[in-house]
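What follows is a single structure, written as structure tokens, with notes after it.
Residue numbering begins at 1 within each chain, and the chains themselves are lettered A, B, C and D in the order written.
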Amino acid sequence: MPDGIYYADYLQLDKILGAQLPESDKTAHPAHDEMLFIIIHQSYELWFKQIIHEMTWVRDSFLNPINDNSPAMQVAVHRLRRVTTILSLAVKQIDVMETMTPLDFLDFRDLLRPASGFQSIQFKIVEAMLGLRMEDRHAGNYYISQLRAADIQLIQKAEKEKSLLELVNAWLERMPFFEQPENWNAHQPVSNPMEHVFWKEYRETYEQSLVREEKENIRFFDSVFFQRDENEKRKLSPKACRSALFIMLYRDYPLLQLPYQLLNILLDIDELLSTWRYRHVNMVQRMIGTRVGTGGSSGKNYLRAALDKHYVFSEIAELTSFLIERQHLPTLTSELEQRLGFVKN
Amino acid sequence: MPDGIYYADYLQLDKILGAQLPESDKTAHPAHDEMLFIIIHQSYELWFKQIIHEMTWVRDSFLNPINDNSPAMQVAVHRLRRVTTILSLAVKQIDVMETMTPLDFLDFRDLLRPASGFQSIQFKIVEAMLGLRMEDRHAGNYYISQLRAADIQLIQKAEKEKSLLELVNAWLERMPFFEQPENWNAHQPVSNPMEHVFWKEYRETYEQSLVREEKENIRFFDSVFFQRDENEKRKLSPKACRSALFIMLYRDYPLLQLPYQLLNILLDIDELLSTWRYRHVNMVQRMIGTRVGTGGSSGKNYLRAALDKHYVFSEIAELTSFLIERQHLPTLTSELEQRLGFVKN
Amino acid sequence: MPDGIYYADYLQLDKILGAQLPESDKTAHPAHDEMLFIIIHQSYELWFKQIIHEMTWVRDSFLNPINDNSPAMQVAVHRLRRVTTILSLAVKQIDVMETMTPLDFLDFRDLLRPASGFQSIQFKIVEAMLGLRMEDRHAGNYYISQLRAADIQLIQKAEKEKSLLELVNAWLERMPFFEQPENWNAHQPVSNPMEHVFWKEYRETYEQSLVREEKENIRFFDSVFFQRDENEKRKLSPKACRSALFIMLYRDYPLLQLPYQLLNILLDIDELLSTWRYRHVNMVQRMIGTRVGTGGSSGKNYLRAALDKHYVFSEIAELTSFLIERQHLPTLTSELEQRLGFVKN
Amino acid sequence: MPDGIYYADYLQLDKILGAQLPESDKTAHPAHDEMLFIIIHQSYELWFKQIIHEMTWVRDSFLNPINDNSPAMQVAVHRLRRVTTILSLAVKQIDVMETMTPLDFLDFRDLLRPASGFQSIQFKIVEAMLGLRMEDRHAGNYYISQLRAADIQLIQKAEKEKSLLELVNAWLERMPFFEQPENWNAHQPVSNPMEHVFWKEYRETYEQSLVREEKENIRFFDSVFFQRDENEKRKLSPKACRSALFIMLYRDYPLLQLPYQLLNILLDIDELLSTWRYRHVNMVQRMIGTRVGTGGSSGKNYLRAALDKHYVFSEIAELTSFLIERQHLPTLTSELEQRLGFVKN
């Protein structure tokens, strides 16, 4: 056998394959399927570690303001896309869990109390890194009551750092399409004339495009992009929303291609997490019905409530409400086209 | 070229490939992605036709009472499992739709009004064949206002026939485990002593297994399996519920293997339809935001409401609430074991 | 926080999440993607452990001759079907690996030499448990030269136990359709008249169904089912092949439903392993082209050669060559129908 | 009911859903599964139409030389990525076909002779548009003998147009990284000094990176990138290969991001088509074993032979053999970095 690195050592297989200790093996009734239950959850934790590895890199690279179309931006998009591929696998992994029938689960379920998937610290860190705050979580206090102090601190530490949502907001605000961003609104034009002209035209076209039942949307438009009501708590600033919409509208210009991909991938991440939660709800429901989960609460109700509340990038998603038909888009000046990287041959 | 059947004729490709007539091609602005929109929907309709083909066969075979463990039962399970494979593909097909961006959709969206996916007659027939009735549908009247009279009749015709749900109820009621089914309840024992003894023991064990927060479940137990409140509208009779639970508990006995697979596949169908609707909701939301759908209503809200209401076999799913640990199951008599096809060597 | 079991302890997350030690972290050039490489392989090893867990149970239950249609048989089918679900996930997991580009892999590839996926002991044990023997492996000696003595012993131990292939052969031979199995062949009829009559009729019908180019198939038929050439090494005996074909033909009878599912699942396992190897080949090819793998040999060529040689249940798969149309099947006597569990109403 | 477009009319559902005419329905033995067989193939043909729709647009846009980083390039990448999503669905669709057992297929198989999937004109057009020529097809003459004259002409017409492979070659040759491309080789330096210096350094580093068993690769290197042997028939010119490798090496620079995505997607298309063929082979093998296909030849052998021969972009894939570690890459001059769109802050 050749010298050097050996597969089993490199992968630390003694640890990995020695970490399955079914509780039911300590009883008179070993439950065959407990192994599956352990391995599925360990596999999920491995993937969560990988997702955190990718997101940490992305977050760190966004802390640095100089990355609009740089190599780093390309790498960030690539690594977030990898996160979506991993989440897609995580969704499919539920198929494996579903091969465990309710009766098979009952064979060891009571032995696990009060442990529960709610206690996955890594998953909470993933959510926090994206931008979910404890106060926005469904049943945040309940969580805390189930966790060790050290683990709560880990989550709180993650929450204190800049989230991807905040960094994306800052990055969108920096976008220099129309030189200086301004506090424009329908009545007080922004001081940058180019930007003013553009949005004025856009707003008019948008208003015309609304059918009768949608007329109210124009107020929503003004609130999102210009005059924000003081009481309204939104995560993205008007300036950031304008940039995001601009990117969606002119995504084909060289300078906007990566930014557009980035925005889309963030929505993909939200959607995949949501699909994962949804399939998870359905599985829990089939598995335990109206019984109380091992963590002591109704697993199904928790997960269902989280479905609607845990979207992080919903304010980006809802910008589609403000799109207009491509053929009616304001024409860009050649100067602006050039700034977006377009060179006429 | 040899004589005989030719691929293109056999598949009627002139019709299939000649049926894409984009509305935007009639305008000055042909929209590239309208072709995709048409083809995705046509592909869905082909699969719906196949699902109806399978379900029609299954329904017809269940109209005949003699199929508990017969070859026909095996075929029914096989064909319903095929329906799940098709639905699984239908879920994945949303990936293709999601390659169409909101802006690309806007290029032709207004041209399609008021046509809408709500008008898919075949999908409604699938739902009706499973057991969804117009009065249980979210926004049933709205539907009707959008459909041609002839199409409404097609759906109503499907609703008048025995649904899979009703046929499964009747089949479960016929199950001859304990000879004659009886109107047993906690106070008035069923006349069949074997059945009485079994369920009495089961009920006691179940009651003991409940943790504090679940104590109420025993009333739910009685209501589901024995004394049904008059006002309560449930789809499955107490007798059918007892049979279904019995199948879940003793599924490994030869006679119960196929019945168990059947029950599981029905839940898979519900779950896949639900996953399909859920991904559909998310997609519509990303596509049109808060705009009004081509059919004139909020696509997203409709679909989200349907999510919870359109489960057909939820009463089977919730039986998992009444499972007890395998090691505490009442022991079956040898006589009963034999009736379930088990021969000791 | 409540007392009792805690999620992180139960899953031994300190071990699982502490087992990633990238080699490149010890150099001046940490490679971001090495974490992914490690985690993917660890996840595969977790799943291999689960597959071995399931297959060990199935093998043990088949060592016991009394399981034709017993509860144990139902459980065996269920657990092998779970193996297919896991393999299906393993195939999809390649999507994640493919997010690592060749250049990213180069950043740490040389640091891993001579470690290689060829050294996965668990995967070789899975293959051995199914029925692959070292002498049938592509490049068996090469393997051995790359492994530690203790690991070679583990594989050899697995090879010495009864494989699933052998156990399935024995189980098929035990099938009691026509009372006693006999050494029937085309010229020397079996002594059991019922079996003799059946296969004589079947052989004639099959011969008539062959089109001109297929006429040779009848010799193949005789060799597979009756008179085996001494030099021919086949894994399944003629008696076992007759049982397997009989099961395929009359699969809808109650007694044959599970056996048919079992045979099909074995083919699914072969096919999924093969798809996994195939996608793996393609990935390696894209990753390293004509370069030499970290294990010192051409990864691509090895994997491609294994593609054709490593089918374990190919003799079952090829039985489809001997099917005839259902409408021409020999009619079974009522006695035989009854033995197959069919009761006319 | 509102006026205007109606779902069923828009989708031409009378044609789509009226195009299933099972041959077995004309006999005394209607075969239930023939409907599935027809619908699967019709669904494939719908998707092939969509793929042709996308590829036609991409090809037309590449006929125009001005698209290196233009909006059109972005759209081309997006639409080819959609093709991969569709192919991914096409692979999964085989799951549905596999729910048809061999015996079920036999019920109508003979009625279809000599029709066969070999006669799918659209699939051959897809292959031709990518760059597969009749002379490179496995068994090209056989094909022609099975097709109507009009259909052969359709394929030949597709083959006469510029293929994606040729257009990509031309596009790669146009890449202006080092001003003028030259006939450089190891002994006769290219006249452009910058390009000369770059490749000289690259070649030396590559040579040093080769381990003992790979030393021959340096000749392969020279042949691929510089001095092409006259007899050697390769699809991509040395200049195009140099550009493609350069893109892979410096893919993170703004100007190379889309080109890199494009190259990768072409490999994805090859790989997905290959996975589709591979699963198709396995399915045919399980379905008909060694019997002759409905088209009169051994389906399995044809498909297996096609597996290796029908890669269109293999010369791009094999460029990974020539990558070197990122840390040893030649440093680019600031001038070149600027030309690649990189602006230092």
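Basically, a residue touches a chain if its C-beta (ideal position, glycine included) is under 8 Å from a C-beta of that chain, and two chains touch if they have at least 3 such contacts.
Small disclaimer: the values here were computed from a predicted structure and weren't measured.
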| item | value |
| --- | --- |
| Comparison of C-D and A-D by number of C-beta pairs in contact, larger one | C-D |
| Remotest chain, subunit B as reference, centres from CA atoms | D |
| Rounded Å distance, subunit A centre to subunit C centre (Cα mean) | 39 |
| Chain centre separation in whole Å, for subunit D relative to subunit A (CA means) | 33 |
| Multi-chain contact residues (two or more partners), subunit D | 251, 296 |
| Contacting residues of subunit B [partner subunit A, same complex] | 29, 101-103, 106-107, 110, 211, 213-214, 217, 220, 248-249, 251, 264, 267, 271, 274-275, 278-279, 282, 285-292, 296, 317-327 |
| Complex contacts: residues of subunit D adjacent to subunit A | 66, 69-72, 74-75, 251-254, 257-258, 341-342, 345 |
| In the complex with subunit A, residue positions of subunit C that touch it | 1-13, 15-21, 23, 32, 35-36, 38-39, 41-43, 45-47, 49-50, 53, 57, 78-79, 81-82, 85-86, 88-89, 92-93, 95-96, 99, 111-122, 145-149, 151, 296 |
